[in-house]
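Think of it as A, B and C in the order they're written, each chain with its own count starting at 1.
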């Protein structure tokens, strides 16, 4: 399938569990995109929207412009970042509630645009309700998990540094962090942009492994599902949300076919975690510099 | 033609205002972004559906029954979700997350229980007669909607400004600890505000279900974006703001549908939201304390 | 080094008709312990918040080491050498003692994102130096042996020390202490006084707000008294104690008059 990272035995395994393996990798990336925002104490429900932007822009670059994948993948982050700036810049200086509300709306609005843009503008770009198909399958296990591994490594290293300390300080007590010189707006905007990049990558990778995307995949419910990944796993380390994503991705295998039941579970998880288990199931913290003996 | 559209716009605007009222009340008084609000909206519509279809009640009885039922449901669910958070003084984002998870779980559960199909209220609830004022035609149903909305707004304003209860509510809104020290039972006020808020949502659900003749479990979710726009444009927590912004949004939406495209209604609403966030985030009537460092 | 590390000129802050701080002039000399006192509601906390940048003035000027900072944000002022503690202690409970102090060094650390991700030697060296500085600060307050303990597990008094260590680690030009003795018993207050004097001995300049008169009179070299947002006295602690306007502010003018008559 054009990706030289896959040895023979992996091929057989993949054939049987292909979609699951891909989903685990991509949902891991999405969970990380939620993690960076929660790590600075903000709430953005826009990950699915950014994912959709990455998916659609990446797919269009491959299908219409025929760009090579190594160019498409990073370029898929441009649209999500642009929208993140448009929503983030005005709301960063306000109470966190405004960012949350603005991002909730974004996904639904974009969905309406993907659905209607073609008929409105008399073009044939977005594919309307049928979505886009025939996207070249350029993203294999290697690319997806490679991206995930790099993301985890980067976030881990950053988390253990002065930047990670500043983020945790902001999360705990903004006022104290401020008087210590932490520039709140810069970190909040940085986190939002990072989350847009991660979600955009996830979207583009997803589009290039499933060959088909539709407007209904990036709305409100996927956005909340992503939140439940991060809350379940806990945001002490970047591994927490990824683990939460894996648990919640594997879970529906038992509840195959009942999408609504899955939403009930996701919703209940969020409620329980916020009310009773604010650390998530993995109450680990990134241990930073050890004190000298 | 334009006049008719303006009337239609005012009509849907009135329902948006009614929908937003309870939501802004919850925030203004209890400092919570209560997303389960959308569920009470759906619940009211469903109760009215059962009341009229299965119990044969007329609309004049079904409406208050639905509103009261939604109010009771609201008190139960809100106290389950929010009491603990309120007592701990949790940040607003916590209530947003909890209610976000809860509302999706509730929608999904309702969808499992009642099925996702669109239902309609039994025909003939309101005689299909209409009044004509020159080029403008208003049906009795629309008059009912406008009338009920206006009535409820007036009652709410009277309650808040002219009664002792309203003063107690406003005291809790401004300084909950001080209000508590003065002998106001904040827990009971919170329950009362939940009831009023849920009741308003339920009433809005019945009226909108009547106006668009479509009732399904997720209808609250469809309304949420409009609710956000109205509440932010009007100013979070401001009653008159919600009314004015609701009417304006209704008119803007109808004009967009008429002169541009009906598929872009949501996008225009969201654009208004973003513009307001950029220029005047406290909304038309809010206080400028919304901005921070 | 400038003679006055902090100069306030005509500093005013209005809250919808209430003048919380009204045209206050004040100068803090480098290397001294300067106290701001006054009855409840006199505007001391507001003054502190104005100086540290958490609220902006309605009028007036704030000069930090000669530089006008009224328009700068709180985080920018931290970068210019301002540090503060809070009346209701704000340590980062989930972080360890050492991590708290390292956070205090935020403005002194400059490793870039690429350097961190690529684990460049420059970034690692900077981190090592930061740990050393943090441990020195912890030594100063006597918490070095508990560096790995989560801050939330410390006693109240120790948390206060941690807050001070965190504020002192970046060697600030001016340290603001907001009611440092609040909630402390006499023994703890005494230890705190000694700590503050030791800091001054090391060259720090300290501005503090405090209600505990014994604490203030014992260590302050200069005192500014506020009442109703206005400065009513500025001078040595001994002079403040005897000044009629100060007595009147605290005890009311009837008592002040009676005292004056008695000593006439």
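In this text, a residue touches a chain if its C-beta (ideal position, glycine included) is under 8 Å from a C-beta of that chain, and two chains touch if they have at least 3 such contacts.
This is a predicted model, so every value here is computed, not measured.
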Suppose chain centres are the mean of their C-alpha atoms. Which chain sits farthest from chain B? C
What chain is most central when centres are computed from CA atoms? A
Separation of chain B from chain C, taking each centre as the mean of its C-alpha atoms, in whole Å: 48
Round to the nearest whole Å and give the separation of the Cα centres of chain A and chain B. 31
What's the distance between the Cα centroids of chain A and chain C, rounded to whole Å? 42
Which residue numbers or ranges of chain A touch two or more of the other chains? 178, 184
Touching at least two other chains at once: which residues of chain B meet that condition? 293
Show the residues in chain C shared as contacts by 2 or more other chains, in ascending order. 53-54, 73-74
What does chain B use to touch chain A in their complex? 33, 81, 84-85, 91-94, 96-98, 100-109, 111-112, 116, 221, 224-225, 228-229, 232, 236, 261, 263-267, 269-270, 273-274, 277-278, 281, 290-293
Which positions of chain C touch chain A when the two form their complex? 52-54, 73-79, 82-84, 86, 90-96, 98-99, 102-107, 109, 111, 113, 116-117, 119, 123, 127, 130-132, 135, 147-148, 166
Where on chain A is chain C touching in the complex? 154, 157-158, 161-163, 165-166, 168-169, 172-173, 175-184, 285, 288-292
Would you tell me which residues of chain A are touching chain B in their complex? 41-43, 45, 86-87, 89-91, 93-98, 100-102, 104-106, 108-109, 112-113, 115-116, 119-120, 178, 184, 220-221, 224, 227-228, 231, 258, 260-271, 274-275
